[in-house]
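Please see the structure below; I have some questions.
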């Protein structure tokens, strides 16, 4: 039972990252190694605002960090991904890898590799005789609302419709006058802001290091794939399940094997099932 | 001269690997084997375990590792190559992590030590240069000949057809899955071979060369350079092996006591980005 | 006009690379007798890179100190092994051939050190190690390998003794997955059992692991008296916080790298009461230690505590430079001199036994105290 | 001699709750050239998809050569006994291969013989035209032999359509499903192609189902005439096709619906 609850807390942060990842993945369909680095950049921006610039309120600096990280995400998209958009998914994968290398080394150069401490507080709260960090609770409460917001806005708003149109066929969407560039920028902004929030939560836990994000981009990718293309419900459930899986792997296996085993489990599920869950059916021809 | 020997051996070994991954798997099929480094690790693991634990002759161990690699890749291909590209990526990534973890669990993070290099018809290969000339060069030349020969075959045409358009291949009665498995096995053969040879060269195994990050980097470099020509494969091997060492030499050379390795990483990343943005070599992947 | 097609480009690049490496292979190393040339092969990229940087800090501190006070300058060349043993060997070859360096302050990592031992003995390269604690290096290192940090065997005995003396008979071990963690874990397991303790659980922790909730939950059920942490400071701190959060009642014991300020910085109040041992005698700091601490604080910030690697690196480089001056850079004579040396360093007294291990230093027992008012953690001598 | 190559029995296809077609039955004999008409969206392409196994039917059965393959995927069906081949509205071609490569790959001689895989074929040489005699004969009739070594992506729409059509004939499959094979073709090319199809069908006992918008193209070519309307497959006598009034009506109807 304990493991289940702990798994949910871990899973909710994975789902948080995976939402942004899946949003970009469903539009451009490329494996984005840079997303993990956005997490790291977001956390460092928050650190910079809070400590170096000395913004007095932590929440204010979180808010500004989210805005700035969103901008950074949009900027990266303009530099590294936009010129490749009508090339192939593979070249976007390559440039995301290059971006990841650059961001990591920049962070190491500027902030050094030893952990930076984001906050000197990390309050806990006791719910039903179990102790949680407040940030865990916040993430767990925000998550369902976020999922619902995503679901509703994808289904019923103009932007959601445009995103779905681009996801199903970019060229045709451009042809009927959907402002592709704006929409993609908006989704990069949203994804990067979410990643920043996740990065802050991770940073409050264990300090900031330049390599803190790489793992999460792999996990988010696994969750996005197993969820199926363009399904936000799938991402939510997949992220939570992945957290639980990871938790059990550490409890009954070992730390070394946990990452590999949970990935292998995902791969096996895909092998047996042959496709993602919650996949939206697209017409093939 | 020892340093030069080490650098040349690395270039030759990664030449074989990138030929397998870039020229075959990425060049002749649409299989995204991001974790292909797993087979490099597998080759080392099998060679190390057979020679150190069971005292088998190194050549036989190398043969066994290659056969093992082919069998494993065949099974994986059989199970998974029906899947969509991105699902295979997950499988490939998890495989590479799994093999690395198994290697660490089996023999510790340091890997095997004390593999004895084989002899070449009575000639001891303990000297690095002898090893390069008598053990590595024949394999590299064989790789080149096999690759050039395959270009001439009808098989090559079928591979390209399957890569470009699976529906058309099915219309022409070629089962795409068979050909994908075949090409995956060939690519894995080269990867296992290079991994096995590497463990013979360094007289041990080294799990830290098989991390996912290394694998992704190698995948990227194979993709950039090795797709169409063997010259590209050579360029890729140079890019992967020589470029960081040259940067290192240039940056450390003028008597500087300190500098950060992150500069090298930064320059490397920027180079990669520029090449990706400028090059049109990356093939168009078709759904 | 030559037409630049693809083939020509590739040929040019290949020729350039080949010429480059052949040139540096045949280039006579520039041997400037007026400088003390010392090399280092550290892990400066990958997951362990922050530990390489701790060492680098200490090495640079020593070089700067000596360069400002004496005429013969130290030229320090630091190369990156990326945590791969073959790369470590290659970098050592580069040091020897390109810079003519025969004095090396550490090849970081026990596995890497073991891999380069045949090479250093063949080519007479003196390696003084400050961080490699693997017990398998004792006596196997040949005549050119020395280390100033005690082997894991000794540290583990000290730790087990302390635990048993305090009445903890039921222990659990958490260890890092690298060779240091696994080596120390084996040694600890053995020495603790020999003293009559019982290890009920031992599990590995990845270097970047952040999830410790299941482990602590498990320990709440199995209730070990003592948990030995063979971990790097960051993961150890995360574990401590989880222990505090879930209210697990147990004694935490750790090793010398708990001196790093990362541990109290991340763990905050959870660090209170953590026991650990360091290979330095208890009592008032010696003048050398004070001097080192002053220098460190001057450069890296007041109030910061140096990582054990930084201290060791500082000693390594200073000692090597001293030997180099005495022997005019002859590694064979230097090795002979080192065998007999008696040296006072920042890490305490240094002398070597016949295995070229440092003669067992007094270990001192330390405990963390956390002051809730000032929110500062301090290290005290344990009773 | 008439043998039944394709037997469709009460076939239904349903999307969500909407039927695209319902209880369709159809027998295809060797020698048939079936002209399939219907407005856009009536399910012509879906009908071909279901037959070739690209889409799964909701209910009903299809017998190929009075049998049925174990798995109903496109590949299994297309290799079952005499085989099925289909072309697509947008021609499916491998863009980086040359015309000669396509013809060579399509020709059943090569696809059936495993030893030929290892047999080197002049791949790079321009002079020795690497093509089987039959393919060469067809390609000559269209006057395309000068483009044999051209890469597919450099060809025009009409030429791509022609290559796709010829390849479909060359595979040797006895059931041909051609989805709008006359689009983008010139009138002369249309005529030549019709001749070739007739030759193939008569000499090798094949059958063809051809979807088309313009009934003009099918006069004195199709032997049967079908129409998908209101979820039903209606067979009309072939003579109706020859009446110009009827033809016009059909044509305007298909335009209107489209």
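By letter and in written order, the chains are A, B, C and D; residue numbering begins at 1 in each of them.
Quick note on the criterion: a contact is a pair of C-beta atoms (placed from the backbone, for glycine too) under 8 Å apart; a residue touches a chain by one contact, two chains touch by 3 or more.
Small disclaimer: the values here were computed from a predicted structure and weren't measured.
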Return the chains shared as contacts by chain A and chain D, ordered by label. B
Comparing chain centres built from Cα atoms against the global Cα centre, which chain wins on proximity? B
Given the two chain pairs A-B and A-C, which is bridged by the higher number of C-beta pairs in contact? A-B
Centroid-based (C-alpha) most distant chain relative to chain D: C
So what's the Cα centroid distance for chain C and chain D, whole Å? 72
Taking each chain's mean CA coordinate, chain A and chain B are separated, in whole Å, by 30
Computed distance of Cα centres, chain C from chain A, in Å: 35
How many angstrom lie between the centres of chain B and chain D, each centre taken as the mean Cα position? 43
Going through chain D residue by residue, note those that touch at least 2 other chains and give them in order. 88
Taking each residue of chain A in turn, which ones touch at least two of the other chains? 108, 256, 259
Could you list the positions in chain B whose residues touch two or more of the other chains? 104, 213, 260, 262, 265
The residues of chain D that touch chain B in their complex are 74-75, 78-79, 83, 85-88, 92-97, 101, 104-106, 108, 110-112, 116-121, 123-124, 167-168, 171
What part of chain A is in contact with chain B in the complex they form? 29, 31, 33, 80, 83-84, 87-91, 93-95, 97-102, 104-106, 108-109, 214, 218, 221-222, 225-226, 256-257, 259-260, 263-264, 266-267, 270-271, 274-276
Mind listing the chain B positions that touch chain D in their complex? 151-158, 160-161, 164-165, 167-168, 170-176
Interface residues, chain B side, partner chain A - complex: 32, 34, 79-80, 82-84, 86-87, 89-91, 93-95, 97-98, 100-101, 104-105, 212-213, 216-217, 220, 223-224, 260, 262-263, 265-266, 268-270, 272-273, 276-277, 280, 282-285
Partner chain C, residues of chain B touching it in the complex: 1-4, 6-8, 104, 108-111, 113, 202, 204, 206, 208-209, 211, 213, 231-232, 234-235, 238, 242, 246, 248-249, 252, 255, 257-258, 260-262, 265
